[in-house]
Structure formats: C-alpha cells, structure tokens
Amino acid sequence: MSMLTRRAAMIGATAFGVLPVARLAQAQPRPDLLRFGLSVWPPNLQPWQSVGQAAGMIKMLIGRRLVGFDEKGELRGELARDFGRDASDGAWVFRLDPRAVFHNGEKVTSEDVKWTIEQVAGERSTAYYRAQMQRIDRIETPDAHTVRLHMKEPTATVPLWFANYNMPIVWRGTRNMNEAMGCGPYRLAAQERGSWIELQAVPNYWVPGQPRTKTIRMTLVADESLRLAALQSGDVDFIEFVPWTGMAAVEADPRFKLESTMGPFMDILFNGTRPPFDNPLVRRAVAHAVKREDIVRVAFSGRGKVLEGMPIVEGTPWWDAELSRGHNYDPERSKALLAQAGHANGINTTLLTTGAFAMHKDSAEVAQQYLAAVGIRAELRVVDWSTRVSQGIRGQYDLAVHGVSADFNDPDGLTVVLDTSLSAAHGRSFGLSAPRTTELLNKGRQEFDHARRVEIYKDMQRAALEEVPVVGLAWREQGYAFDRRVSGFRILPGALSLSSGVNLEFTSVG
Amino acid sequence: MQVKRLILPGAMVAFIVLLALLAPVLPLPDPVRQDVANRLAAWLPGSPLGRDEFGRDILSRIIWGARASLAVAFASAAIACLVGTTLGLLAGWFRGLAEFFAVRTADVVLCFPPILLALLVVTLLGPGTATLILVLSILYLPGFVRVTYAEVLSARGQDYVEAVRALGAPTPRILSRTVLPNIAGPVLVQFSLAVAAAVVVESGLSFLGLGVVPPTPSWGLMIRGARATMEQAPTYLLYPCLALTVTILAMNMLCDALRDAVDRKGGTRAPKLRAVDRILPGLFPTREPAPLLEVQGLTVDIATPGGAIRPVEDVSFAVRAGETLAIVGESGSGKSITATAVMGLLPPVAQVTAGVARFEGRDLLDLPEEERRRLRGGAIAMVFQDPMSSLNPVHRVGDQVAEAIRAHRDVSAAAASQEAVELLKRVGIADPERRARAYPHELSGGMRQRVMIAMAIANRPRLLIADEPTTALDVTVQAGILDLLAQLRRETGMGVVLITHSLGVVAETADEVVVMYAAQVVERGTVAEVFARPLHPYTRALLAAVPEGDAEPEGIPGVVPRPDAWPPGCRFAPRCSFATPICERPQVLEQAGERLVRCIRWKDLA
Amino acid sequence: MLYVAKRIAISLVLVWVVATVVFLALHMVPGDPAEVLLSTGGTSPDPYAVAELRERLGLDRPIMVQYGEFIARLARGDLGTSLVDDYPVAEEILLRLPRTLELILAGTLIAVSIALPAATYAAVHAGGAFDRAASAVAAILQALPVFVLGTLLILVLAQWLRWMPAGGYVPFAQDPGRHLLLLLLPAVAVAKGLAATVFRMARAAVLEQLSRDHVRTARAKGLTPRRVVRRHVVRNAMIPVTTVLGLQMGTLLGGTVLVEFVFNWPGLSTPLLRAVETRDYPMVVGIVLTVSGLFLLINLAMDLLYAVLDPRIARS
C-alpha cells in the first residue's frame, strides 16, 4: 500500500518536472565530516555525573578512560597500556600509556588518575561511581605512569568500573567541571545548546592515525521517525536509536547499513514494601503471566527477543538454557501461584510507566492486558519521566515497567538492577527483600576464579527466579544506521551497545 | 435560511455524538482487546478499518475515541461555561472586587500560552481524563467570563433591566430571569466554540502524550501511535486523522451557523437586505425640449429567500436641464431604490426587470458597466443621505474629493488636490486647505455633506441626484445645504433629482414633484399645482403632516405596507380615510389635466 | 500616554502573577531536578550524589526562601541559569526566540499573502464558485489539526517524494537556501490555521465593508471596481483584520509547540518542553515569562496600532 502510493507520487512528481527540486532538498555528504543524528540532548558534559548515554558517548570521545572495550566487548587498555591484579598484595595495577597527553598538552600522569578517583569518591561528589570509588582503600602512585589501587575488600570487577563512560580521567588542574580537560581524540569545538554539538579532532592526539574523521557534527533529532527520515533524506549520515519500526526498511535499503545487537531490556519492577507484591509468590505470578512475544512484536516491531529469566546474555558463560526460561509464559501456573498466595479472586493494583518513551508505554500496555488475564487488574499510570523517576525512588507505585541496560556484560553489571539492598532507585524494585540474590551477587564480585564465578551466578539466577527482584520482559535490539559510505563503525555487544558511540573515532566517511 | 444552515452540521455533530453515546451498545469489538498476531492488518473480517499496532480494532477505537474526546470536550466546556458565566455575571453586576477578581483572573489565564498551561497542569496532576477536563475548563474560562461580563454590562444599562431593578427585584432573580436569557445566545455560541476547540486541544495533548491515558482509545493517541508506523500502515494514520478533521469541521460549521443565527436574533447587526426601500414617481416627458433624464416604466425586483419582491413598480418621470424634480414619499415607498437603479448602484440582489432610463438619449439601463462607470461621478453625480457613513472614515476628505476628479480626468495628484481645495471652497467650507486634510469624523454633519456635494460636482455633472441630502442633518444646516444645491443648479444649469420625505423641502426647491407610495407613483405634477390642489388622498395626508405655524403635524395613521404584502387594490386604501369598497380594485395612473394621479375617486374628492 | 503607562503597569503585575504561579506550580509538581538529571538514560542515581547536587543547586532550602531569591533576581532582570548545565537562561531565550518569531512571521506571511487576496476575491464575488470552494478549503484547513497536517506533510513530501527535508534547522548565515527550505514546511503548518482564520475574518470584513455607504459613494464617483475594492473596501476591512492578526500571532508564540515538535524546529518550544521534563525551574520560568510578556506587549501594540490605523479612534 505504502509503496504503491509512494510510486504514484513519484510518477506524479516526474510528470510535473519537479524532481530537480528533490536534489535541492538533500544536503551532500563531505568526507571529513560525519553528520550524526542524536536521539537525546546530553544535559551536560560534566565528566563523572551520570546524565545518560548521549553525554556518555561525547565524554568517551572527548576523554579517555583507563580501560575500554574491543569489538567483542572484551576489556582492553585505553589510557592504561596494561592492567591487572598484583597477586602478591591483591592491588589492581594500571600502567599508563606514556604518550598520553591532555588537550592542553599536559602529560597524563598517575597523579591525574589519583586526583580523578579522589574527586569521584569525594564527600561532595555527585559522581555515578562515587560509591564504588569509596571502596578503594588506598591509591599508590609509585611513578608517573603507574597507579596501584588497594581495595577495602576483594573485588573482581574493578577494571570494569574504569571502563564506564562516567569514569574519564580528567586533568588535575581542571576547576570548572563543565569544561573538564580531557585527553580523548576529540574536543568540543562548538555547540548550540539543545540543537547541535560539533566535535573536532584534536591535532595532538596521542594515538597515531586516530581519529579517522576530522569533524563530527551531532544534531539533535529527538523524534525517532524524524531521525530516520533525516537519514533517509540525506540530512545526516548516521543515526543512533534506529526506531524498531524502521529497522527492516533500513536493512532493505541498499543505501544504508544497520548495526544492531540485543542490548538493553525491559522489565517489571515491584514495590516490595506493601502487599501484594511483598509476596514472592505474587511476583512469580506476574512473571509467568506475561506473554513476551507480544511485547517484542508491539513495542519493538519484532526487533527484540523474549526475556523469560534473568537478563543474562545468551552465549555468555553465565547463561543457562533452562534458567533462561525460568519465568516462562504460563498463565495457569500464574493463576495457581496467585491462589496459593491467597489472591484467588485476583488483585486490583496500578502499573506505573512513562509516556516519554513509547517502548515503556507499549510494553506496559501489553503487560497490562496479560496481567488482567490472570486476574491482576492493573490501572495504567502514564506519567512524564521526572514523575516516573520521583515516584520510583519514593516507592509511590505498585508495579512499574522500566527499560534499562546492565552496566557491563559481566553479570556483576546486573547488580544495579537486581540488588534491591542498594539505595532506592527508579530502576530497581523498591524496598524488596531478595537476600539470597544480593548475597550471591556480592560473592560473585569477590570471586576471582572464573569457573567458580560461573557457578555463583547460576545460583544467583536460581535465587532471583524465586525471589523475583525483577521480571524480565524482553531484550530490545539497539541499532545504529548509517550511509554505506560510512565505514569502520562497529556496535559493541550486549549491555555495552549503548557505549558503542566511542567507536565513532574509528569511523570514516566516504 | 438560518435553520437550514444548522441542519447539515447539526446532523453531523448529532450523528457523531450519537455514535459516541451508543458505543457501548453497538456490536463493536472490545476497543482495548489486543490481538498482536494481527497487528497493523489493513483489513480483517469484522475489522473493516483494520487493526492498530496492538492488533486492536481501529473502527471500534475510533468510535470509542469519539466518546473520550467528546466527553472531555463537553465536560470541560460545561464547567468553563458554568464557572465562567457565573464569574462574568457577578463581575458585570456587582463590579468592584468581583469585577477585578474575575477579569484579572481571565487576563492571567489568557497570557499563558495554552499548550504551556496544559503542560504545567498535566505534569502537576498527571495525565488523565480528569486532568484534561480541568486544563481545558481553565483554558476556556476567560472566554465565558468576558462574553458574559460584556453582555451583562450592556444589559445593565437597558431599560427593562433598569425597570426591574427599580421595582426592587432581588439581584439573583434579576440575574437569572432577566439578564441570563439575554446573554444565552452569545454564551451558547461560546459554548459551541469551546467544545470544538476542546476536541482539537484534547487530541493535540493526547498526541503529545499528555492527554488520555492508554489503553483508553483517543484520536490523538491513535495518531501518535500510527505516526510511528506510518510507513507500514498509512491507512491506520488516515482514519483517526479523518475522524478528527471531520468532527472538527462539523463542529466549526455548527458554530458558524449558530453564531449567525444568534447574531440575527440579537439584532446586533442591521438587517442586510433592506427589502423595502423607497420609491420615486416620475413625470411624463410632456413638453418640448428633450428631457435630460427620462425614466419610463422602471421596475425593480429583489430576490429574497421568501420569493421576489418588487420595491419599485412601473415608475416614470423626466427631468430637464436646469430643473429640479422632487420625489417624495415616506420611508419604504421606493424613492431611493429608484435613484440607485438609475445610477446603476443597486445591490446584487436587486435587479431592474423592466423600463428604460434615458440620459441624454442613451438608455442607462442598457449601457455596459464600464460606460456607466464613466458616467457615474462624471455626467451624473449623486449625493447621499448620511454623509458620515457615505464618506470613507479612513481617508482624508480632500483625498476623497481628489479621487473623484482623478477617476474621470487625467490630472496629476497635486493638481487634483489643488482642485479639491477649490471645490471645498466653492461648497462653502471655510479654511478649505486645512479641512481637506481632515478625516470625516473631524467635521460637522453639515460640512461633511458639503464635502459630499463637492465630490459630486467635481466633474461638472449635468444631472445631480440628491437622495435625502438633508435628512441626517440639523434643521439649522438643512437650509444651507438646500441653498447650496439651488445655487449650484443655477450656476451650472444641471438638472437635479431631489429625493426627500419632506414636502417643505419640495416647496422651497423643486419645479416638479413625484409622489410615491408603496413602490408606485401616486401623483405627479408641478409643485405649484400639487401643493395648491393635491388630488391623491396620500398627497393630501402628506401635506397635512407638514407642520404649519404652531400646529402639530397630523401624522398619517398606519404604516407603509411591507413589499411582500402589498394590498391587492389601492395600496393606500388601508390607511385612507376616503377608502370605499371600490378601492379594493387595482388602480391605474390616470391623466388629470396636466397631472397624473392613481386614485379611482380623485374626481369625487376634488 | 497615561493609558499606555497604565497598560504597562497592569502587564507587569500580570507577568509577576504568572511568574509566581509557574514557580509555585513547578515546585509542587512531583519530580526533582537533581534526581532527574542523574537518572537520565535510565541509570539509577546514587542518593548521596542526588542529595549533594540538590544542595549545590540550592534546592534543599525552604521554598519561600527560593521564591524570595527568585523574585529578587527577577526584579534585577536576571533570569538565572539552567539547573542542568548552568547555561544562562537569557542567552538560551535570545538564541531561540528569534527562530520562533521567524517561524511565526514566515507563517503569517504565507497565510496573509494567500488568505487576504482569496478572501477579498471571495467576498467581492460572494456566493460564487470560488467563494464556496475557498470557504470550504478554509473550513477544512481550520479543522485539520496542525500535527495531523505536519505528519502528513512529512510523510508525503519528505519520506515518499523526498522533495523536502524532513525537518531541522540551518542558520541563515550558514546556508540561506537551505535555511529557507527547512523553514518552508513548518511555516506552512503554522500558516495553515492562521490562513483559515484570516480568510474567514477578512472575508467577513470585506463583505461588511462592501455593504457600507461609502462604498456606494465610491462607486457613485465612478471609480473603477478595482480601485473601489482596493481603496475603499480592502483598506477599511484591513483595520480589524490587522489587529486580530496581531493577536493571533501573539497566541502563536506559545502555540508553535506542536509544529516545532513535529518538524524539529529548534525554537523556544523545544527547550521549554525539555525544561519542564527535567524540572529545570529557571529555564521554564524564564521562557514562560518571555512568552507571556511578549504576548502582553503584542496586545498592547495591537491596541495602539488600531488607533493608528483607524483615524476615528482618538489618539489620546
């Protein structure tokens, strides 16, 4: 239907001789310039505050972390030439690349790293990794390029922390954090608040041959349909957050390429401080009630994957086929669990979600229908994002639908979602008691032996399937789309997909 | 006519409302039941319009969506109407603090951009039907306050309200019994406007995700949903857009028709179709030199919704150069229409259906419009009754005079201005240079009429038609204007047709007189004869009505009949004190010596 | 003069009331700027970081203290800085407002240049085929919600035909041609509603003028029909039309939200929506004040303009 109409319109256009105008409508690509369609505006570029993935992407391009990821999502040194744990005293050792310089020409030294960690861990810090950095007992800087970290308790995931986009190393002379001095391949050349940001390659960048593109111009196109339209009409060369409805069209179009992976996921959160969801049986009833295929189809146009267990990526060592179906769709079982919990007549409750993201709202709408089918009649509360956050943190809800990504692909990255003993947050269930899950997460973090870690995290999944700190709904495909002439960009796997923007430094146009 | 215009949009709105009301009993699929397997299907048995992104039936959602939209729209308009009208009533009636409070509240609301206000309230209270209703009622409150307030203020001053007040009626009673019914019209219009606008805003807010909460169907939400999939399923986008547009269209049309109907009833606008006007009778070209203007058998019809009426019927007369012909009669006799017909200035609804009007031998009624235009303001000029409204209020009078010059002669703007000043001087305006730069409202009535005359004589016309040139003026300035006309006639030798209802004016200025009554000429003759010995009872009555000395004028009892209801026989018979059964026969214009008269009994009465 | 001074005084009071209402309303709304900022992207914020940020932004003080400071600042003409990135609110407004105004002006230009001649022609030939057709089009345009029109325009012109960019903005100085091209569709969307209104209003005004006595006088003078219409009908009819048009433009100041949203036009609405979303109080209040202040100013200007256009209104 659509194609037919479109063809008719094209024929009409040709007949009236207006097609030349069409060429005027398209801006032409330039080899030294990458035009990027941004999905959200980075609220600010303060280095360590967590203000979203858009800011994260830019922070990764402006600054450098100690550690980064390679294409497979494996850790590799970024500022650190090598890193590892000193078996003798258990300290984590990072050795810096001596070539590294800040944009102002200053050498990157261990003192800068120390200063950065101290700032993040500081009493007045608003940094994302504040709590983690406070777990560092002592920082040693034996020479200008070596940093030794002594942890308060053994921690296996320390390098992952330093790979987070909220942990760039900043020059210790920086005073205004809105203009933090970084050591990345780009610097902020110009911007118009809320519209566009232009990044310029740094002339003295210390890795030879990088970055590939001189200028990256990021323009905000918040509306997803419009963002796709901007790519299709040639206004931009590259877009992030390709709308799921448009992925098939992009794949089918020879002019474009789609890079996508299953990354973030949707889940249901609970208020565990009051009935009925303080009862794990009821939470399990919720887990078995929802037919995930429908969410995948409605919210993600099929560009997603059913998630019927804990959000562990398939193919990783921690994944287990049986555990991954632990919360399979089984309405009878759901009803039985409800009856067992004393709610044979069903439950009247509320379901909180935000209208700011269609995927949240759509997932909630589907979930609502299936919950109703087993007797959990939830009234939908669609609020704006700020209200959603506020009510989530304060536990002003019963059920909530949320979308999130783990911090990293190691199962410890799920702590932020699964460990309900952490502070109240809109991305975790509120006041819910899941002691075994928490304990196993802690245990896994302190274990250094791979095989044992695998076992611990499988146990953790078993515990979580019973304690239900969260109900997984669906993985969603995270997609970047770009003009064929753009090369060198690779998406990072799984939870890291939201950090893929860092690979723009390897990307060239034409 | 008015009612007819209400029918179509009214029926459409009624149909939509009915559909919305009946949604629960119509055999529709559940609008919230999802069937993801069939999402975005263009057509399915039982789902003629297809399915949405959740596989829900689109037709059903559109109809249920109407329910949501209309419920919100009507509820909010009703609340706004109730509160706003009350506030407006109190403000207008008690003034003082109530006035300050109500009017300023309205001002504050008005200076909020609507969408912003909605945004704030929705964020404050969370989206949902109740919030929407609240937002929209706040938005439309000022409209009701202002309308009611203004109407109450004007109603307050009216006699009947004053009277009821003087009788000591309690305030609530006056407000509810006397004032309220009078403001009902405008408030009703405001209400319909608010409902229509509320549908638009509701859909807009739902589209932004600030309105109705899913899964409740709403058109705005549907469009929002369809927008994401418009490449795959354009028809899904189309249907709610169509439903929304058609509904708003119907409502807007209903509003318009309603507003017109109310305006008409309230009489705030003067009736446009002045179906009846006045007549003018004419003299036969009895004597030697060919007349300047000779009108014969002139008949004008006006199309009205109730059928054609004939405000001028078989009128004949003639004017010679240097002479003044007066056409007399009460309002509604057809005098002015006759003059306008001769000038070719009839409104489009009026048409000359018979007769000729020969000006210097050429039939004006037969000339192409361009040639008539050249004559108008050139060889034939006209002066109108009300110089205030006949002058354009936004142009300086000198410019308006100069414009008349340049319409006919190829002179420079400066020369025309200069000449305009001369003309103003000639018509007796003191300090003409300064006056030429004045706007009409800055001049007195007499001076304005002098400007009109200056404009008329700008191109030395050979015929001047003056349509009640002094009626709108003070008695003291009337004589001055008449003298001016007489003087100009003497100086230029132009012929003058003077239309008036005042026989006094006729006696002073005219050579011949045509008396018109109810579209017909009833008597025609020289002024001297007609005044000395009126033959038609109507002429007599007119003459008797002229005040003589200190005597009170004897008004003619009764009124001129309406043009759609002329009496079958003599049209004056119902008011004639000499009427007999014979007068019920149609009358013809008979020769009576030098004169013509339309009265079967003129000999008896002589 | 006294009248103008009085009007300005009233406007200032209204602006103060609006500012207060918005300030208090925003603080009553659930949601906290610090929380929201640190939750962007879905990550869970550290409560200590949130508390620290709240303190840093001064949000932990009693609301009346914050209000007092806000009013004091406002009285000095200082709109403050964004809570999100310390950006001066006034600068943001200075950058964005001209674009919204440009959109409104372009829309008005399109609307007026189409609707006025059409309305005049339709009224002069009232009841004719053109009148009926144009009136019908106006009614349909008026009924077509702006987001529907915008969505359809993008679907057909940008996505199917690719004649037009789907939306966006390029500064005029950078690329004038493209700037105007990008302006076209949103301006058409703005023009849509306006054109319908102007058409209906102008048609009524022209019809009204046509029935006036002075038009008959003008015809009696023997003026050509063209001149009668231009000088004695349109000129007079434009007085009410102009002022109502001005008021409409004032309303548009806050009414371009949907257009800017649909076409990604970076005017004042986008930062407003985002500021409300992120509870960036100074930004919201600043923008609202600007918009309502301008709105009041335009109202006043239109009243004065009316007096200038119509010589009958005393210029006291």
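Think of it as A, B and C in the order they're written, each chain with its own count starting at 1.
The rule is simple: contacts are C-beta pairs under 8 Å (C-beta built on N, C-alpha and C of every residue); 3 or more make two chains touch, one makes a residue touch a chain.
What you see is a predicted model; the values in this text were computed from it and never measured.
Between the interfaces A-C and A-B, more contacting C-beta pairs are found at A-C.
At the centre of the protein atoms shown, by the Cα-centroid criterion, sits C.
Taking the mean of the C-alpha atoms as each chain's centre, chain B and chain C sit 33 Å apart. Our note on geometry: chain A versus chain C, Cα centroid distance of 38 Å, whole angstroms. Chain B has its Cα centroid 67 Å from the Cα centroid of chain A.
For chain C, residues touching at least two other chains, in rising order: 29, 31, 159, 261, 276. Annotation for chain A: residues touching 2 or more other chains are 5, 225, 356, 383-384, 386-387. Multi-chain contact residues of chain B (touching two or more other chains) are listed as 123, 227, 230-231, 234.
Those residues of chain A whose C-beta lies close enough to touch chain C in the complex are 5-6, 9-10, 13, 18, 21-22, 24-27, 40-41, 43-45, 49-56, 124-128, 130-131, 178, 192-195, 219-223, 225-226, 229-230, 232-233, 235, 264, 356, 383-387, 389-391, 393, 396, 402-405, 416, 422-428, 498.
The part of chain C that touches chain B in the complex is made up of residues 10, 14-15, 17-18, 21-22, 25-26, 28-29, 31, 139-140, 142-148, 151-152, 155, 159, 211-214, 216-225, 227, 231-232, 235-236, 239, 251, 253-255, 257-258, 261, 272-273, 276, 288, 291-292, 295-296, 309-312. The residues of chain C lying in touch with chain A in their complex are 29-32, 35-50, 52-53, 56, 84-87, 92, 95-96, 154, 156, 158-169, 177-178, 181, 261-264, 266, 270-271, 274, 276-279.
On the chain B side of its complex with chain A, the touching residues are 32-34, 36, 39, 42, 53-54, 122-123, 126-127, 209-210, 213-215, 227-235. Put simply, chain A touches chain B in their complex at residues 1-2, 5, 224-225, 243, 245-246, 249, 293-294, 297-298, 301, 355-356, 358, 361-362, 365-366, 368-369, 380-384, 386-387.
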